[in-house]
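What follows is a short report on a single structure.
Chain nomenclature is as follows: A, B, C, D and E, assigned in order of appearance, with residue numbering initiated at 1 for each chain independently.
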Amino acid sequence: MPTKPILTVKDLSVVFPDNNGASSPKGGLHALEYISFEVCPREFVCFLGPSGSGKTTLLRALARILKPTSGKVNFIQRQQPKIGMVFQQPNLMPWRTVLDNIKLPLELEGMGDVKARAKAQEMVELVGLKGFEDNWPRDLSGGMAQRVGLARALVHDPDLLLLDEPFASLDAMTRERMWTELSRIWQAKQKTVIMVTHSINESLFLADRVLVLTQRPGKVKLDLKVDLPRPRKDDIRYTPAFGKLALKLRKAIE
Amino acid sequence: MPTKPILTVKDLSVVFPDNNGASSPKGGLHALEYISFEVCPREFVCFLGPSGSGKTTLLRALARILKPTSGKVNFIQRQQPKIGMVFQQPNLMPWRTVLDNIKLPLELEGMGDVKARAKAQEMVELVGLKGFEDNWPRDLSGGMAQRVGLARALVHDPDLLLLDEPFASLDAMTRERMWTELSRIWQAKQKTVIMVTHSINESLFLADRVLVLTQRPGKVKLDLKVDLPRPRKDDIRYTPAFGKLALKLRKAIE
Amino acid sequence: GIFAAGGEESELTRVKLPLGYIPNVQFAPLYVAVEKGFLSDAGIEVEFDYSFETDAMALVGADELQFAVVSGEQVLLARAQGLPVVYVAAWYQQYPVAVVSKVGQGIETPADLKGKKIGLPGLFGANYIGLDALLFSAGLGESDVTLDSIGFTQVESLAADRDQAVSVYAANEPVQLRAQGYELNELLVADHVQLASNGLITNEKTIVEDPDLVKRMVAALVRALEYSIANPDEAYELSKLHVENLAEADETVQREVLARSIELWKADRLGYSDARAWGNMQDTLVKMGLLSKPLDLSKAFTNEFLP
Amino acid sequence: MKNKTSLLGLSSILLGLLAWDLLARFGSLPAFILPSPVDVWVRFLKAVTDGSLFFHAGVTLLEIVMGLGVGTLLATVLGYLVARSRTLERALSPYLVASQAVPLVAIAPLLVIWFGPGMFSKVFICSLIVFFPVLVNTIVGVRAVPAALHDLMRSYHAARRDILFKLEVPSALPIFLGGLRIGATLSVIGAVVGELVGADSGLGFLINVGRGQYDTALVFVALFTLMALALSLYGLVILVERRFLAWQESVER
Amino acid sequence: MKNKTSLLGLSSILLGLLAWDLLARFGSLPAFILPSPVDVWVRFLKAVTDGSLFFHAGVTLLEIVMGLGVGTLLATVLGYLVARSRTLERALSPYLVASQAVPLVAIAPLLVIWFGPGMFSKVFICSLIVFFPVLVNTIVGVRAVPAALHDLMRSYHAARRDILFKLEVPSALPIFLGGLRIGATLSVIGAVVGELVGADSGLGFLINVGRGQYDTALVFVALFTLMALALSLYGLVILVERRFLAWQESVER
């Protein structure tokens, strides 16, 4: 893409202190080491990598939840874009109903209650949870909770979406519906998406670019451009281009 | 299989009370309705179904965590077999280290500490977490936590394994390694496995039988025998038999 | 309970004796009675107890204990509620409450208290009754002054000029205040009205069942009083054995406390209860509304056990 | 279900009354130590009729409400700050703990001199005694807020006050309300201790009067009124819990 | 880091001492109301030398330890039972709350009659005051055990005692220890209140003696010893927390 990058990550390293709290001579657990990449506006980037390779840590650093040990995360257009984040665990507030959980980011933006409720209600329907608006999170199934998390990340129209395996506990059908919705939203609105996934299919179906991280310490092993035509229908999976890309990713991961 | 069933589920229904606690005239949320099936010893059964169709609820009823509203769950060989369960969320005890979490079922059986540690250590290595024995659960990545849960379910050599999407947050490679390990354990020891999954591939790769549940209220929609030869290697995916079964399941789910 | 003396002479009757206050040089006669063997001569072994006066009264009334040292008005108040307690020996002849004020206030007679703010622990107990009796003696009532319930902080309140006068224990606080260099006017209640004061009580059951014990107890107390009045220095030294911290405390102050106490104990006949003082006490209590009707005073006290 | 349990509470109270009556009737204790329920009831009616009970109970209630309010407020604010800074905790905790170990009766003279013998010193004592349980439970509660939810709020760059009101307050509420339950109950003692030490009104004063006149029935009336106050305050906290903690499982296991 | 904060605690204590000294030196209060730090130090050395401080502190400490032990034990057991049964809670809570509202001074005669005036009544009062905070926090803690972990234990058909010791105890520990922090601190007051009411030994008795003889420095010595006791107990609980709650995040946010 010709545009200036919206996000530049330069030599990002994250080291967790060892169990006993002190920085041991070994120097703690190196979760990420010298990661550098750029993301352009409206780009959809997927991260793949083995369990424990630092994908979640990377997203946390991008969201400024975690201070990197060294290196820089810079957003160019604004100081800090509006972020919508889906966590690996649903991470809902147990004292809020489904609707109120989804409404949270709107409240934080100071939106009026009536309007916020209406928008949240829209999202409830989008993720297929109509009828469960007033349930407590503890009464939801795993997949339903994850969809609430997704709705909460999308409701306030963020500039940057950070998604940590947002579809992991969804059945094939629901997942595909969510894929379609996400693609639609991403194309309709001016969003940049960074998504962690374990599914090669998912990454190829959605992403413009797939980055593969190595096992601890996490480094970028492959930066693959996905130039499949959009919109990508289900049968794209059986095209040779898709197969070739999938094979490349598979190899990189192994 | 010619043997007598080890588990008989008859007309099992689970109704959750409505939000306000009272049984409303509507009669609450019908999660499962008149489910009946049998499982033979050493059988590997997978459940598929849309999000919210009651798969987790079913496993909870089988483990006697939840009392069914009506119907029966009977184990024939013994009053109650030894169960190993993987929950949809990792469900680790935050005050126990990785090793101690895995050791828990052995402690409950009264095994001596030295022996228990040794067995737990074996499991740590099996799920690829060597070096993380003494970590607190909060310092694990999502996939690592899930593997700890899996190790905990296997460590005490249970007769019946109840697995609720045990591989959902694992990357493709780790997942396949876990599949192989699970198949090996299942074949080597006399285990019966009931597993919930969202992956058709996974179910066909592992199961003797796949049952598909419908959306609320959950009923058995399809009971499919998987008569693919074992051991199933990775390339079985590309055989026509596999494709036919996959298509059947796909249809049943949609 | 008590362990009644067996046949052998060497066995002593064990008695628990509540004093209603912490160990203090003011209890010197009792320490003398122990240390000089007056009590063991009488066949009694005492264990002092420092719990509250009203609790002690209730225990004696319930015959859980045989004896206690309490203030005179408490006997009437308790009897009004049906406690079968009897006052058998007077210890203080003079009601030991005084109202003190800094000299600058010019309070020299009870009448001068009119319109003043007077601090006292609360609307109960000897400080309250003594104060009211003093006011009545001057034709005043509670409405003529401001009563300030301040807990047992009279010294501090007077020092800090919170109150213009305070109702205190005559033998103790004025001595402390003077030792701190304050010049005081002191109105001793006993100078204006005779009231039944602190003494030894028992209950009706003990009087009926073991009059000899009562007699021996009273005799020992009177003997100790006599000895203490005659030998204040020795009484002081013996008190050190019982009073925690007395050896470390300000000796001149504590000796003065004892000297003043002795003045309050002195009498023509030690231990004797004056019917007039009891009548005055009853009048005061009725006037204060603490007694709704007069009692049969002859049952409240007796002199029959005096030696 | 609800009826059944409140029936249970009631019948447990009746059972207590019965035991008391039997003890008073057939026990060896005289009435001036243990009056019978009937004696106390008669004395209660008298105290209600002449208005003295309402007056004194009102004074005590006012002290309690003020003491509870002030103590809770200070404890909550300080507890929150301490929970968020170990440094502050180290600097303050010697004072906070020491302040609790001072037997108030012993420093009453200082309090009286500083604040006078009026209502203020009672409110002070009351709030001092309420302070600590609320403080500790605020600290424990705020520290127990899940880190993952903090991450969530941080991902939105939520303002401090939003983090406070939308995350920390609701999350710490169950434990905080536990502290308030303790505090509300202790506040009653706090006010009464102040009154026992020196006062001319309030239920503590009434107890002193009753004790001074060996009117044990009056003491019991005052004691029961105090218990009723404590129970009402406790009940209020429970109501708040019901209202705000509906999301917590109330499963009987 | 650790050094820095303990330095902070120390310097905050020194600051307090300084403020006190200035107040005593230049304030308007006479020495028998507010003695200077030096007076108190001298009196302290004297009390240490003649052994009286150790003796009385020992008596009080014994009462505290016993009261704390008994109160905590009862509260933990009862709290656990109540936490697991709403029915039991409804039946007992009126009594539990009411027991806390009774000003102990008022029922002292009954206590004395029932238990005698010796150490027992102090231990009783102490354990009564310790009881409630520990009870409430035990209830809150046990109720907060995650339902999912209960499911886990049930899937193993774990025995009751395993559920208790391997799930409920460790899970409720942070909140329980909060209750113990409160209880440990209150226990000091409990013992002293008992001693103030009537005793012939212990630090409360020493306070009474000091007050009776206007030896205010002695009162202060006793008060500071009490505070030291309270701080030590509190410190002990903190040590236990450090030992057993290492798994909780201790991130300074």
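List of remarks:
We take it that a residue touches a chain if its C-beta (ideal position, glycine included) is under 8 Å from a C-beta of that chain, and two chains touch if they have at least 3 such contacts.
Everything numeric here is computed off the predicted structure, so don't read it as measured data.
Steps from chain B to chain C, minimised over paths through touching chains, total 2.
Counting only chains that touch, the fewest steps needed to get from chain A to chain D is 1. Chains that touch both chain C and chain D: E. Counting C-beta pairs in contact, the chain pair with the largest number is D-E.
Averaged C-alpha coordinates put the centre of chain C at 37 Å from the centre of chain E. Chain D has its Cα centroid 50 Å from the Cα centroid of chain B.
If you average the Cα atoms of chain A and of chain B, the two centres end up 27 Å apart. Chain contacts: chain D has residues 29, 33, 109-110, 113, 147, 211, 248-249 touching two or more partner chains. Contact with two or more other chains is made by residues 89, 136, 138 of chain A.
Counting partner chains per residue, chain C shows two or more touched chains at residues 54, 58, 62, 152, 156, 160.
Pairs of chains meeting the touch criterion are A-B, A-D, B-E, C-D, C-E, D-E. Residue ranges on chain A touching chain B, taken from their complex, read 16, 19, 48-52, 55-57, 88-89, 134-136, 139, 141-144, 147, 164-165, 168-175, 198-200, 250, 253-254. Residues 148-149, 151-152, 154-159, 162, 166-167, 170-171, 173, 244-245, 247-249 of chain E are the ones touching chain B in the complex. Here chain A touches chain D in the complex through residues 60, 63-65, 80, 83, 85, 87, 89, 91, 93-96, 104-105, 107-108, 136, 138, 162, going by the rule given at the top.
Residues of chain D that touch chain C in their complex: 29-33, 108-110, 112-113, 116-117, 197-200, 205, 208-209, 211-216.
Within the complex formed with chain E, the residues of chain D that make contact are 5-6, 8-9, 12-13, 16, 29, 33-34, 84-87, 90-95, 97-98, 100-107, 109-110, 113, 132-133, 136-137, 139-140, 143-144, 147, 150, 174-175, 178-179, 181-182, 185-186, 188-189, 192-193, 196, 204, 207, 211, 219, 222-223, 226-227, 229-231, 234, 248-253.
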